[in-house]
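Shared between the two complexes below is chain A, which has chain B as its partner in the first and chain C in the second.
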Partner chain A sequence: MLKILIPTLMLIPTTWLIPKKWLWTTTTSQSLIIALISLLWLKWDSEIGWSSSNIYLATDPLSTPLLILTCWLLPLMILASQNHISPEPINRQRSYITLLILLQFFLILAFSATEMIMFYIMFEATLIPTLIIITRWGNQTERLNAGTYFLFYTLTGSLPLLVALLLLQKDLGSLSMLTMQFTKPMTFISWSDKIWWAGCLLAFLVKMPLYGIHLWLPKAHVEAPIAGSMVLAAVLLKLGGYGMMRITSLLDPLTKELSYPFIVMALWGIIMTGSICLRQTDLKSLIAYSSVSHMGLVVAGILTQTPWGFTGAIILMIAHGLVSSALFCLANTNYERTHNRTLLLTRGMQIILPLMTTWWFMANLANLALPPIPNLMGELFIIVSTFNWSYWTILLTGLGTLITASYSLYMFLMTQRGPTPTHIITLYPSHSREHLLMALHLLPILMLMSKPELVWGWCYC
Partner chain B sequence: SKMAEYREAPLATRPKTLDPAEYYNLSAEQRRAEEERAALRAQLKRQYQLQLNNPHRKDLIEDPALTRWTYARANVYPQFRPTAKTSLLGGLFSVVPLFVLYYVFKTDRDKKEAAIKAGKYERPFQLSY
Partner chain C sequence: MWSAWRGITETIPSLTIRLDPSRLSALSRFPRTASGTRAYSSFFQDLEAQLEAMRRKAAKAMPGSDWTPVELTPGLPPEHADIVIVGGGVVGWSVAYWLKKKERIRGGVRVLVVEKDPTYSQASTVLSAGGIRQQFSLPENVHLSLASADFMRNINEHLGVLNEDPVDLQFNHSGYLFLASEKGAGVMEENYKIQRDAGAKVTLLSQTKVKEKFPWLNTDGVALASYGLENEGWFDPWSLLNAFRRKALSMGVYQCFGEVTGFRYSSHSMPINDGDRRAFSRIRFVNVRMPNSLEYQPVECGIVVNTAGASSGKVAELAGIGLGPKDTLAAVPVPVEPRKRYVYVINCPDGPGLDTPFMIDYSGVYCRREGLGGNYIAGLSPEEEEEPDTRDLEVDYNFFQDRVWPLLAHRIPAFECAKVTSAWAGYYDYNTFDQNGILGLHPLVNNMYFATGFSGHGLQQSPAVGRALAELILDGSFRTLDLSALGFMRLYHQQPVLEKNIV
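Coming up: the complex of A and B.
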C-alpha cells in the first residue's frame, strides 16, 4: 500500500520542483508508473478476501478494480489537461496538477480504508479538490452554480451518514470493514431504525446519483474542465457505489422492505434520463445524463443484494468509468477545437478527422453495451438480478437498454455523420496525444474482455 | 428618393423589394421600411464578412442566435411556472409511475413470498441469483 501512497504523495514535490520544460512529461510518466505498480494489487492471496499489511488500509476484490481505475486515471487526466492548461502561468499549472494528485491520494485512501469513518472522511475530502477544479478552471460562468450544487447536494446527503456511522460505532464498538462482515444481524424495530437505514444510504445514493437527487451531476460534469469531468464520471460516482456495497452488509433485513422506493426510482430514472439524453443539444450534458442512466442500473443492482447484482454492479462501474471518461475526452477534443459544446455545430466530423471517428465509434459502441464489452456483461448481470427480484423489471431495464442504444448511436451519428458545416473544415488535425489518450482508455476495456474475473468482486459466480 | 440611390454591396444580390421594377406599387412607408431593413442586413453582413476574411482569426465565428438558442435550451428551469399542464405532466411522468411501479413490484414479490412460504414456488432452471 505504501508503495503506491508514497510515490503519489511525492508527485507533489515533483510538480513543484521540476523545471517548466519537463513538468508534463514527468508527472505523466510518474503517475503511469504508479498505475502500473498498482496492478500488483490484483493478486489476491488471502482467503477472507482482504489483503493488507496493516489494519488501517487493505484491499479486497471489491476495492481493487476501483483502486486500479483511480490510479490509471491520473496519467490520463494529466494527458488530457495538457492542452487547455498550457496558456496559463506555470505556477497555476503546477497547482492544477497538485489538485489532481491530492484528489488521487484521497481517493486511494477512500477505496482502501478499512474503517468506515476513515472512508467517510476521505469521501468528504475528495469534494474539496473537485470543487476547486470545477469552480476555478471551468469555462463558463455557470461553473459557480455547478460547484454549489455539487458541494451542497453531496454534503447534505452525507451528514446523515456521519450521524448514522457514529450511532453504529456506539453500538458495535468498531466500524472496521474487516469485522463488519461477521457482525450478528441487528434487530431493527422502531421508526428511528428505519431513518438510520436511510441515513446510511442517502449519501451514497446522492453520489451515485439516484434519479431524483441527480441534479448536481449534469451541472458539475458540464462545467468542469476535462480532468474534472473525467475523474467525476470515472471514479467519484463509483465512491457512492462502493460505499453502498460496503454498508449493505450491515443493513439487512431492513433492506428487503425499505429498498423498494429506491429500486423503483433507480429503474424509472434509467428511462427518464435516457429519454432526456435524446433531447440534449449539449454534448457533455448528453454524456452526463448517460452516466446517470448507467448508475441507475448500478443502484438497482446493488439494492437487490444478490451475488449477481453486486458482480454486475462492479463490472458496470469499472467499464462505465473507462468508457464515460473516454467519451468526455472525445467531447473535449471537439471543444478544444470549436470552443462550444453544441451538437449542431460539431457535426460531420468523420470527413475531417477520420481517425478520431474510430475512437468515437468504439466509445459509443462500448457505451451502448455492445457484446462482448464488459459494459454489456455488467448490464446483463444486473438485468438478470433484477429480473430474479421481480419479473416486471424487465420491462424497465429492457426499455432502458433500447434507449441507451438509441442515444449512443444518436451521439455518434450527430457528431460524425451528416453534413459538415463549412466552418469545421479549418479545424486542427488530431494530436497524437489525443489518440494515445483514447487508446489508453479503451485498451483496458478490451483487455478486460479476456480476463473478467479481475472485476467480478468477491462473488465469483 | 433614397431608393433610387440605393446601391447594394459588391457581390450581394439586390433585394426583391428594392428592385426598380417593383417600386411603383409600394407605398412610401413600405419603401422606407424596406430600406431600413436592408441597411440593417447590410450591417450584419459586413460584420460577418469582416470576421470571415480576417487573416488573424483562429476560431469559429460566433453566431449570437445559436448562443441564445443553446442558452434557452439549457436554462429552462428559471422560466418554469407550475401551471395545470406542467403539474399534470410532471405528476404523470415522475410521481405516478413511482407509485404504480411500487405497487406492481410489491404485489408481485408478495405473491412470490407467499408461494415460497407455502412451499409451492418452483425454480426449475435455477442457476444462481
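Coming up: the complex of A and C.
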C-alpha cells in the first residue's frame, strides 16, 4: 500500500519543483508508473478475503478494481488537461495538478480504508478538491451554481451517514470492515432502525446518483473542466457504489422490504434519463445523463443483494468509468476546437477528423453495451438479477437498454455524420496526445474482455 | 404613642413616594430632555433603528431578492454564447429570429445580439425610407425581395407573439415606378426580362401609358417605365425591427447593449492545395464594452455574425480582415463604409394622390407619398464627388434646393410649390466594391459570417437574408435561395456583381 501512497504524495513536490518545461511530461510519467505498480494489487492471496499489511488500509477483490481505475485515471486526467491549462501562469498549472493529486490521494485512501469512519472522512474529503476544480477552472458562470448543488447535495446526504455510523460504532464497538463481515445480524424492530437504515444508504444514493436526487450531476459534469468531468464520471460516482456494497452486509433483513422504492426509482430513472438524453442540446449534458442512466442500473443491482447483482454492479462500474471518461475526453476535443458544446453546431466531424471518428465509434459502441465489451456483461448480470427479484423489471430494463442504444447512436450520428457546417472546415487536426488518451481509455476495456474475472469482485461465480 | 403612629402615617406617604416607579433610581439615568421625552426612549429608538436596519439587510439577502455579495454590472452579456450577432439592426435581429426558428429543440443554440446604441439614433434601419421593390437586375436580389415581401405580407404568422398586439407594418402596396430615358430603355427591358423570369410582378409602360396612369407626372424624356404591380411599396422599418426583436426575445435570444471593441482569436497556418500556407484564424472571444464605461466582457463564442451595417468594415478590421500583407486574401478588407443620404419631407397640398407609387426618375431623384396629409418623402443619391461628410447626421438643406428640387419639380410639376417641412439623414452601409450585399463565411476567419453591405436595400431584403444566413449556419449550405453569388470571394477575385438599378 505504501508503495503506491508514497509515490502519490511525492507527486506533489514533483509538480512544485520541476522546471516548467518538464512539468507535464514528468507528472504524466510518474502517475503512469504509479498506475502500473497498482496493477500488482490484482494478485489476491485469498479469493474472498482482504490482503493487507496493516490494520488501516487493505484491499480486497471489491476495492482492487476501483483502486486500479483511480490510479489509472490520474495520468489520463493530466494528459487531457494539458492543452487547456497551458495558457495559464505556471503556478496555477501546478496548483491544478496538485488538486488532482490530492484528489487521487483521498480516493486511494477511501477505497482502501478498512474503517468505516476513515472511509467517511475520505468520502467527504474528496469533495473539496473537486469543488475547487469545478468552481475555479470551470468555463461558465453556471459553475458556481453547479459547485453549490454538488457540495450541498452530497453533504446533505452524508450527514445522516455520519450519525448512522456513530450509532453503529456505539452498538458494535468497532467499525472496521475486517470484522464487520462477521457480526451477528442485528435485530431491527423500531421505526428509528428503519430511519437508521435510510441514513446509512442515503449518502451513497445521492452520490451514485439515484434518479430523483440526481440534479447535481448534470450541472457538475457539464461545468467542470475536462479533468473534473473525467474524475467525477469515472471514480467519484463509484465511491457511492462501493460504500453501498460495504454497508449492505450490515443492513440485511431490512433491505428486503425497504429497498423496494429505491430499486423502482433506479429502474425508472434509467428510462427517464435515457429519454432526456435524446432531447439534449449540449453534448456534455448528454454524456452526464447517460452516466445517471448507467448508475441507475448499478443501484438496482446492488440493492437486489444477490451475488450476480453485486458482480454486475462492479463490472458495470469499472467499464462505465472508462467509457464515460472516454466520451468526456472526446467531447472535450471538440470543445477545444470549436468552443461550443452545442450538438447543432459541431456536426459532421467525420469529414474533418476521420481518425477521431474511430474513437467516437468505439466509445459509443461501448456505451451502448455492445457484446463482448464488459459493459454488456455488467448490464446482463444486473438485468438477470433484477429479473430474479421481480419478473416485471424486465420491461423497464429492456426498454432502458433500447433507449441506451438509441441515444448512443444518436450521439454518434449527430457529431460525426450528416452535413458538415462550413464554419468548422479548418479545424486543426487531432493531436497524438488525444489519440493516446483515447487509446489508454479503451485499451483496458478491450483487455478486460479477455479476463473479466479480475473485476468480478468477491462474489466470484 | 399616638404621636409615634402619626409619625408612621406621615412617613408612609414619603415611603410611597420613594417607591413610586416613575422615580426609581434606574430612571434617574435618563433625565427628561427639553422636549419632554426621556433619553431612555431615544436609546430604545436607536436600538429599534439598528434592529430594523439589520432586519432589512437580512431580508435583502433572502432568496428572491437580488442582493448579491459581489456587485454585478447590470446589462452585462453572458460569458458564453454560441452565436454572437454584432449589430442589432433589422438584419441582425432577422438572423437571430431565424436561428431560433431553425434550432429544432428549445435552447438548441444560445444567440446573443450586441447593439451599440439602445436608442438606434444612428442606425440605418430606422432612418431608412422603407421601400421594398423587386426591380433589380441581379436575380438573387429579386428573389430576396420577393421572399421578404411574402414574409412581410404574412408577418403575423411569422412574428406574432401570443398575448401581444399584432404586428402592423403599414405596408403600402403602391409599387415602384422606375422611369427610363431613351438611353436607359434597353437596360430597363433587359432588367424587366430578368425580373419576370424570377417571378416579380412587374410591367413595362410606354410613355403614353404612363401619362394615362399618372396624369400628374410630366413624361418629357421618359421613353419607358417599369411599374411594380404586387409586393412593392413601402413600410415602417421601425415596426419591422421591433417585430423581429420582440419575437426573437420571446424565443430566448439574449440582448446586450454594448460596443464590440475587439476580438480574441487564435490563428494557425495550414497548407492549402497548392502547397503554400495560409493563416486561418478562429475567433474565440468577443470583447463587448459596456456603454459609458471602461468595463468590458469577453464573450466566449462559437460563431460571430457581422451585421454591423455601416460599421461592418471596422468590425471586420478588429478581426484582422484586411490587415494582411499586400495582394493576399488576408489583405482584402470588407469594403463597407457609411455613406450619408438625406431624406427630405415635403408638403404639397395639391400633390399627387393616393395612387402615387415610389417614383424613381432616371436622373436619380426619388419620391414617395408619406401618410395621408399631403406629405411626401424625396431624395437623391449624390454623385461620388459630392458625397457628404459622414461624421455626423446633419442635414444639408442646400442640397435639396440645388439638386433635388429642380429635378423633382421638373418631373412632378405640382411640386413646384412644395415646402420642405423636415428632413433627416441616415447612413447607407455602402459596399464600395459593387453595392450589393456580402453574405457568407469569410474564407480565412473561420467563424465569422457576414450579412452586410446592402447599400440601401438591406431593410427590404432582411427577412430573406436572415433565413439564408441561418441556413448557412445551421444547415451548412443555402437551402431555399442560392446566394453563393453574394459570397466574400468575389471581393478577392475582383468579380463585381453589379446592380444596374442603384438608387
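Keep in mind that, in the parts below, the second predicted complex is superposed on the first by the 459 of 461 C-alpha atoms of A that agree within 3 Å, B and C clash if a C-alpha of one lies under 4 Å from a C-alpha of the other, contacts with A are read in each partner's own complex, and residues count from 1 in each chain.
Simple rule for what comes next: a residue touches a chain if its C-beta (ideal position, glycine included) is under 8 Å from a C-beta of that chain, and two chains touch if they have at least 3 such contacts.
Source: prediction; values computed, not measured.
In this superposed model built on chain A, chain B and chain C take up the same space, so to speak, and clash.
Of the two partner chains placed by the overlay, neither chain B nor chain C lies in contact with A:Leu42. In the superposed model, A:Leu5 makes contact with neither chain B nor chain C.
Shared-chain residue A:Asn340: touches chain B and chain C both. Of the two partner chains placed by superposition, A:Leu446 touches none, neither chain B nor chain C.
When the two structures are aligned on the shared chain, A:Thr281 is found in touch with chain B and with chain C. Using the contact criterion defined above for the overlaid structures, shared-chain residue A:Asn139 touches chain C, although it does not reach chain B. Contacts of A:Ala125 after superposition: neither chain B nor chain C is touched.
By the document's definition of touching, both partners, chain B and chain C, reach A:His423. Contact with chain B, but none with chain C, is seen for A:Trp389 once the two complexes are overlaid on the shared chain. If you count the residues of chain A touched by chain B and by chain C, you find the higher number for B. Working note: chain C versus chain B after chain A overlay, options 133-141, 151-159 or 421-429, clashing stretch identified as 133-141. Residues 281, 338-340, 342, 344-345, 423 of chain A lie at the contact with chain B in one complex and at the contact with chain C in the other. By the touch criterion stated above, chain A contacts chain C in their complex at residues 139-141, 279, 281, 338-340, 342-345, 347-348, 419-426, 428. Of all residues in chain C, only 78-80, 82-83, 103-105, 107-110, 268, 270, 280, 282, 284, 300-303, 441, 446-447, 449, 472-477 touch chain A in the complex they form. By the touch rule above, chain A contacts chain B in their complex via residues 260-261, 263-265, 267-268, 272, 281-282, 285, 306-308, 338-340, 342, 344-345, 385, 388-393, 396, 423, 461.
Those residues of chain B that touch chain A in the complex are listed here as 59-61, 66, 70, 73-74, 93-94, 97-98, 101-102, 104-106, 108-109, 112, 128-129.
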